[in-house]
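A, B, C and D label the chains in the order they appear, each numbered from 1.
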């Protein structure tokens, strides 16, 4: 018996990815698709007509589902939220209050100190805050969130290094795919033969969210990591999927090149230990070719859930530098959320 | 009476730009086009058939010129070298020895301590080394070079700040257009829906060349600037023309935001003072829109010779950060070399 | 003394091109910019903030103009309409009734039998219908329109052949640039590493409009050409500017290859005879290279007003085939309309 | 026990696809990889270093194989040829003479009247010429070839219509992906923000090869279909994979729209009947959305072996028109050849 799940904001770009990733899942089955009033009442197929962007056909049984409104009353236990941040905040709370387990891709609750913002390989221990959240808010359900897509690559690569050698500061430049902006998102006239060195709000998220993820639970809240600073330059580039980041990093204790690569090779978290269905076999893949990772060649590593790193070399200014890549709408969005739900299930938190 | 000039390596991507920029120039006229043995003897039009990449038609009088070999004996006084670095070294020396004034786009002599590597707005005083070069080598002619295209944007923006506030260190990520690799250069399969986070040799040039340019003449050689360090991450992106750089910088003495912008607004060098034909009116244009500069919109600033800067803001790790852009085959290659020649002419060094 | 003109829909993609092309025009000066209520009252610069798409800066005197509503009362004599077709119809009529001379890029009045749809090189004689239009409608002003961007290339190439040899039928496939869809227009996710073999309404326009343009005045109306048929396949491709068309054509009387090329070389209309400022020197440029025309290399022929043709060769099914290209937002939109206005001026119709 | 196969030209773009498609195949196992002298003697991994273009990692057991020269003596029974046409002709003959079964992607033997050029769904009966070929040439092995990538889409869609309604003539415009030109192939500077309306030799192949495929065996040779003509305009567009074609077609007997769609829905050949591993479930998929097929969304239909058709509608000049798409390096190259080999195996011709 699979767990019945719903997708909120199911018609948008991330919602479509949820539908794809959950359409043949060993733990979950899509029982409900919900979206804005405009779409509610239509068949899912009609609701996404003209805006389906995946090279994957809508599964027949989902195509004919009636889209619901995003209100409690859905016949499922877990909801994945791909809602726009202009509406996600209160809707997600309503669901949690009504007893649903919410796994959200939206930014609204990322900085609530009783809401875990998870990259399951990195900070699954933050799930320990859930009972606090439920108690404090009087909820039967709960909210968990995943962080912004921009940082899924570099932060996963930095996390094991931070644990062992202490990251003091890192300067990061991201080159982000257009799918990160949803659909219709980036206008073709803005990006053909061009790049845009600005993404509204993205640099702030890319600098601040890592501190919470690298932080720890202290009493009834999650507190930020201390003594580590990020600076992020975020650029939109002419690529369908896959965010790339160049990273220069300074450590408390400078490791050798071999120690770094060993840290990546050995890095493993609960997703790997539990062999979760969406978990990449190795959390981080280090490639030795001098010109990798590349978005088109590496974004589908482990079904789009892998983190690919390359070009580790000394930095002329800090200690080391390297290049990271992850798939922004799989690992960085829908897939990252599904991985959280898989972890919740295996830890018995979806009862 | 215009000065007769020749273009060495006239059939390649940079050579074509020289032909374009010199085809209707107030000081110079193309008297000779030279290239490899394979092309020598053909009409220029035939020699470039199937590999002309500019949206500018070959001027009629140049189309019918006979391509010569790259050997002294050309009927001109100045030669612009767009030669491949595999052959440029000795050929350029032969020309200088034979009395030609060589302005080179090639890397071969960039680190000769008696060869000035010029960005005319920044270090035109390095021309003072020319008499040393001529004396030491027993040459009637001389060699001047321009630096690599990758650094034309960020170094011009950093130069006035360095003079006033002392740049201690800067971490730069470049996103470089495909035209920088010449023709055929980057394969479409390598760059469509992709980027390549590696350009052979480019990071070394991007870190080392600035030190010489910011340096000074000491006795009979140009010595590197001290106390300043660059780290460069160089990426190839899916853009025809225009290199963009994100820059994070730390100063000896941290200026205010206003001081920085004022430094850029006021920045001016001999090209502006002498109103050289290829000089941008303002050496640096600072744009206030939050999403500029962008390659497609800004690369043709002042005919492709302008440096466009934007997004000055505090850096979370260093003092400030910003974004820079310049046209890589105009300012960063052929146009930069023509500007040097214009300066040489107006300083009476092409007699 | 220049003629004062207004631009309706001045903030959109075509409106911006009008501003560019009219900002330093020998006959016209922009006196008014008008747009939707949302923009009205703002300075033009503010109204286009974040959606300016040209690599050309807004001229200072226009940047500071106050945007008006699109209602008669503008202080000018001529209005260029770049209005969306959802509103253009009645607004253009209101202006004509109020005595303005309207030159429109919109489709609304293209099939009014008393409204000339002009490509000035091809059917400037259709201006003879204007007095009929004014009389019938009781207008002091009038409306003229230009045809859809998709057909500006192939129809101009076919027109001189039709006159001499009679075009019986032509099958055309267009590959159209994204700027043809305005801004934001085509979503990057729809076109990166992709093409879309469908543009709503475009094939109908591409087949029907040519018949009117090749037609003639009969009494008080313009009647379609008889005995000629077009079939158009319209595709959106990943190109900023420039529409390309492949054409297979069958004639009443099959000409020789030389006759066709001679027809193109000799083709000239009133714009050339009157040396209108926006007229290309030659109406059609035939290129002999086997791989031309190409959008990036040829779209700016004669400032974007030229029609470039190549690859004339026998067709295996019809008589001949060839490839055509024109710039869709210059010749195919704003530039085509400005050329009409120049013609009107020189024929004394803007008094 | 799988059949041992070799790949000739294994290091190029099509060769890499063969390696991918054969690396986990139910009938075949790669026993040999062969390439030019330059690669021979190296490990396959080294030989493709820096030119591997697939988002699929080289399988470990193939990575370490030693690349052989392309001469008989390979320890396998079947060879897939991805050789360059400058050398393929005699090499393929040498292998066939030495008893190998050759399945070739190269053009050299396509017009030999005793060599079948196969699209297995369309003309598997042409295999009947093989005994003639073996007898006439005194070979124990044989050569079969697949046609050019450009026609795999439109010809498959036209074939069932031709059988039932007689295709008289068709005018086709192809928009072909860059991978069709191999690696490095199309230079990025030639195709970014551009298209090239010319591919050397492609139009001739696209017009002539269909006649042989639609033809039949007559005595000891395959003769062309009579009474059918194709005209092809071939364009290179800025897409990684997937060739699209627009088709206008005239029939002997004009079918209804429903008859056409029924013909496509019902179309099936030996690959479907034998359920060959690479066969698409349905030979042709007709999509009803108005804007499909699209390369990025449809090229991977049935693992890249499907033919996707859409937009069937009346043609203004001929009877009907529609749009077709297939994956050029899978169905149109390596995958098409593997399908032939699967058919040969199941018909007992690889004993």
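Here is the rule we use: a contact is a pair of C-beta atoms (placed from the backbone, for glycine too) under 8 Å apart; a residue touches a chain by one contact, two chains touch by 3 or more.
Because the structure is a prediction, the values reported are computed rather than measured.
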item	value
Which listed pair, A-D, A-C or C-D, duplicates the contacts of A-B in over half of its pairs	C-D
Chain pair, B-D or B-C, that carries the greater number of C-beta contacts	B-D
Centre-of-Cα separation between subunit D and subunit B, whole angstrom	47
Whole-Å gap separating subunit B and subunit C, where each centre is the average of the chain's CA atoms	40
Multi-chain contact residues (two or more partners), subunit C	53, 192-193, 238-240, 291, 296-297
Subunit D contact footprint on subunit C (complex, rising order)	169-171, 173, 175, 192-198, 207, 229-233, 235, 237-240, 244, 246, 248, 290-297, 310-311, 315-318, 321, 323
For the subunit C and subunit B complex, residues of the former touching the latter	49-50, 53-55, 192-193, 240, 289, 291, 296-300
Subunit A-facing residues of subunit C, complex	13, 53, 178-179, 183-193, 238-240
